[in-house]
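In what follows, structures are represented as structure tokens.
In what follows, chain A forms one complex with chain B and a second complex with chain C.
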Partner chain A sequence: MQASFAHALLETDLPEVDEHGRFNVYRNNLRITLRNALRTTFPAVEKLVGEDYFSALTLLYVERHPPRSPIMTEYGHDFAAFLSGFSPLSDYPYLADVARLEFARVQAYHAADTHNFRMDSEASAIAALDIRAMLHPSVTVVVSENPALSIWRAQLEPDATPLIPDATETAIIWRQDDLVTEMLAHADDALLLRHFAQSQTFAALISEFPDDPSVATLIARFINLAIAGIIVPTHTPIEGEMK
Partner chain B sequence: MNLSRSAFIAGAVATALVSLSPSAAAAKRPPQEKCFGISLAGHNDCAAGPGTSCAGTSKRDYQGNAWTLVPKGTCLTMPSKTSPTGHGQLSEFKEVRR
Partner chain C sequence: MSGAHSTMSVFAPNAGPNGLPPGVGIGLKRAHCEALLADPSLVDFVEIHAENFMSAGGPNLILLDRIAEAWPLSIHGVGLSIGGKERLDREHLHRLRKLIDRTSPASFSEHLAWSSHDGVYFNDLLPVVYDTPTLNRVIVNINEAQDFLGVRMLLENPSTYVAFSASSWHEAEFLQQIAQSTGCGLLLDVNNLYVSCYNHDWSAQDWLSHITLDLVGEIHVAGHEAIQDAEGQTLLIDSHGDPVGEPVFELLEHVITRGGIRPVLVERDNDIPPLSVLLQETDQVRQIIERTAYAAVL
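Entry: the complex of A and B
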């Protein structure tokens, strides 16, 4: 009974189910609500394909990928995968990356809080190198063969810097205090982001490296990412160390 | 860790901290503040996503508990028709009718 009801909600080619059209009203409201949820999460994708196209595209997505959770902020988790597999859009490979970015922003908003590293003195920065650390729970890294972050910015910020065609961009999305933020990853960040995907110390990363400028660069990037709140201590600092 | 490595790391940390001038850090993201009482109906900010009673849900113009992000330091200069001070405020306020 439930399964056939759910099937009828999503199947477009069914005959009229009840003569007064009440079921159709319900079915239509459901689709519009889900489409509006996607519109809220993916505003740049909507701007890129246009309102009419986005409307048709999302109704198709709603049919093929109905929500699995009642939490609407989680709806659209595979919208990017749907876009990259959608052949009419195969000439626009950056759309899926922009969608990943936009979904990551909503997830970042709802991720757990943690404590940041203290980096207010040389001593505290040196101490941080030996403390187990991880990526902030809000962090998503979007690796794109396209300038995805610049494309996304250009849609939502009218005075964004013009984008460089053919650039590849790796974007880090995370929450700083209560604001979702995004930035381009530095060339040396990939190693750090991989290393801190599990709880690790910075010292463990460089233990095999000789003292050379590449280690100095890694130290500088670690401090930058720690100040930004992208790399955070795994454990809550003990009393007295907290701000 | 041997002494020369400790010295090398201390040097690298010191260099990294010096290169992080406060202005460079601030330039990454212009500071913003939440400004209450200046949003037009349906245009309040918030990035919480769909299904939340949040962004774009304010019902009236200049609603006292709805906010918009503005460049830091400008909120108190923004006009608000419902605010007792006539301007935006940094926290929620009770609207006054005039």
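Entry: the complex of A and C
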């Protein structure tokens, strides 16, 4: 009974058993509540494609990618990939990147807490270079061949800086002081973000190329990312660190 | 406003068996959090949906702690799929356990419904067949949930739009049997009862005569809307987005007159109105509680 009920909920055609059209209430309810969940997570995508188009898109998405978890803030994990593969939207490749960014913001809000580096003196900054570090659990890096972050901002912030059409943008999304934040990654950040995704020390990174003139820049960027709470120590605080 | 608290002697002895106060609560919505936290005395308890607070960290859990500090808390689950064909999702039970350990709620409740099948979560409370195999499955699931979570739970009666020809049990007897076998209590949603009675042409009085009202640890009131089905017949939908209807208030009064005063929750999940509108509904509930209490004293 439940198997056929479950199957019919996601089918496009109404089951013949629905004599009074009452089963349809369940079918509609499923689609409406899931559309609303996606609308909450992807407001900029909805603005970009328009409300009606978004509704139609979510119908397809719900049927192809129904939720796998009762936690609705996790729903939409595949929405960006779905948009990339949706051929009628192939002229708008930035939509998937905007969706990635919006999904990352929701995940960042709910991500685990951790301790930040203390960066209030030169000594504490130098000490941090030898401490094993990782990306904050809230961090997502969205690499886009489009100005995805600028496009997203333009949808939700009326005073956003005008975007540069052909720019590529790498955005870092994370939670800082309990607020979800996003910024454009600096050109040298990619290396650091890759390195610390592996839980390493900064010293291990520069040991690979000790004489490289870019080391000074990397140290500066590391300190910036640590102050922002994007790179954090992997273990509970000892001297030189704080919550 | 204080009448409900000054007439404790007329409350059923087991009112709020899981610790909710026998007053009026509200389903807590994000938009109203700060206003309510600024004056917690506006309501006697609050209810949250468990699945909205299963964050690993961050500001959501800070808010949860403030809520649990301010009121007796009712944690209301919507995703456990108690009536499902499959075993309970252990991962979800762990998440619930974490939430319960963190907040020590006054009550935990779930629904007589299923919402997951074959790995898909349908985000809805879907109807179960009232037959003996389902009954036995629900009993196993509730025993498992109560053992794992370390709390006695309340089970909510559903609102349904279809009935299964395979059902061989009366819904109320089905619930009564589950409660007796598992030791769980009941969450009587009088809106759901009204909606299901209307849709299936049942009598609410008859339905209520099949359950022991002492088992009821909490009552929900909510709104519903009327639509036309494919045959042009009126179908009531548990919209959770409409004001509480007069017949639902009447049913509430009937239940607490018969069974004693219970913690009553005003539930609104969609089309959230300003807090003042919801507080008018909690006032209406208070008036009913006070009226019932005075009648009992007289």
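As a working rule, the second predicted complex is superposed on the first by the 230 of 243 C-alpha atoms of A that agree within 3 Å, B and C clash if a C-alpha of one lies under 4 Å from a C-alpha of the other, contacts with A are read in each partner's own complex, and residues count from 1 in each chain.
Just so we're on the same page, contacts are C-beta pairs under 8 Å (C-beta built on N, C-alpha and C of every residue); 3 or more make two chains touch, one makes a residue touch a chain.
Computed from a predicted structure; not experimentally measured.
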Fit-or-clash call for chain B and chain C when the two complexes are aligned on chain A: clash
Which of chain B and chain C A:A204 touches, first, second, both or neither: neither
Touching partner for A:A187 - first (chain B), second (chain C), both, neither: neither
Which of chain B and chain C A:H110 touches, first, second, both or neither: both
First (chain B), second (chain C), both or neither touched by A:R68: second
First (chain B), second (chain C), both or neither touched by A:A37: both
Chain B versus chain C as contact partner of A:A8, first or second or both or neither: neither
Touched partner set for A:N224, first chain B, second chain C, both or neither: first
First, second, both or neither for A:L129, with chain B first and chain C second: first
Overlapping contact positions on chain A, where the chain C interface meets the chain B interface: 37, 71-73, 75, 109-110
Complex contact set, residues of chain B against chain A: 1, 4-5, 8-17, 19-20, 25, 28-29, 32, 47-52, 55, 69
Chain A contact footprint on chain C (complex, rising order): 51, 54-60, 62, 78-80, 84-85, 89, 92, 95, 114-124, 126, 129, 161-162, 164, 166, 199, 227, 229-231, 233, 235, 237
Chain A to chain B touching residues, read off their complex: 36-38, 40-41, 71-73, 75, 105-106, 109-110, 119, 122, 125-126, 129, 176, 179-181, 183, 203, 211, 215-216, 219-220, 223-224, 227-228
Of chain A, residues touching chain C in the complex: 1-3, 5-6, 9-10, 18-26, 29-30, 33-34, 37, 66-73, 75, 109-114, 137-138, 175, 178
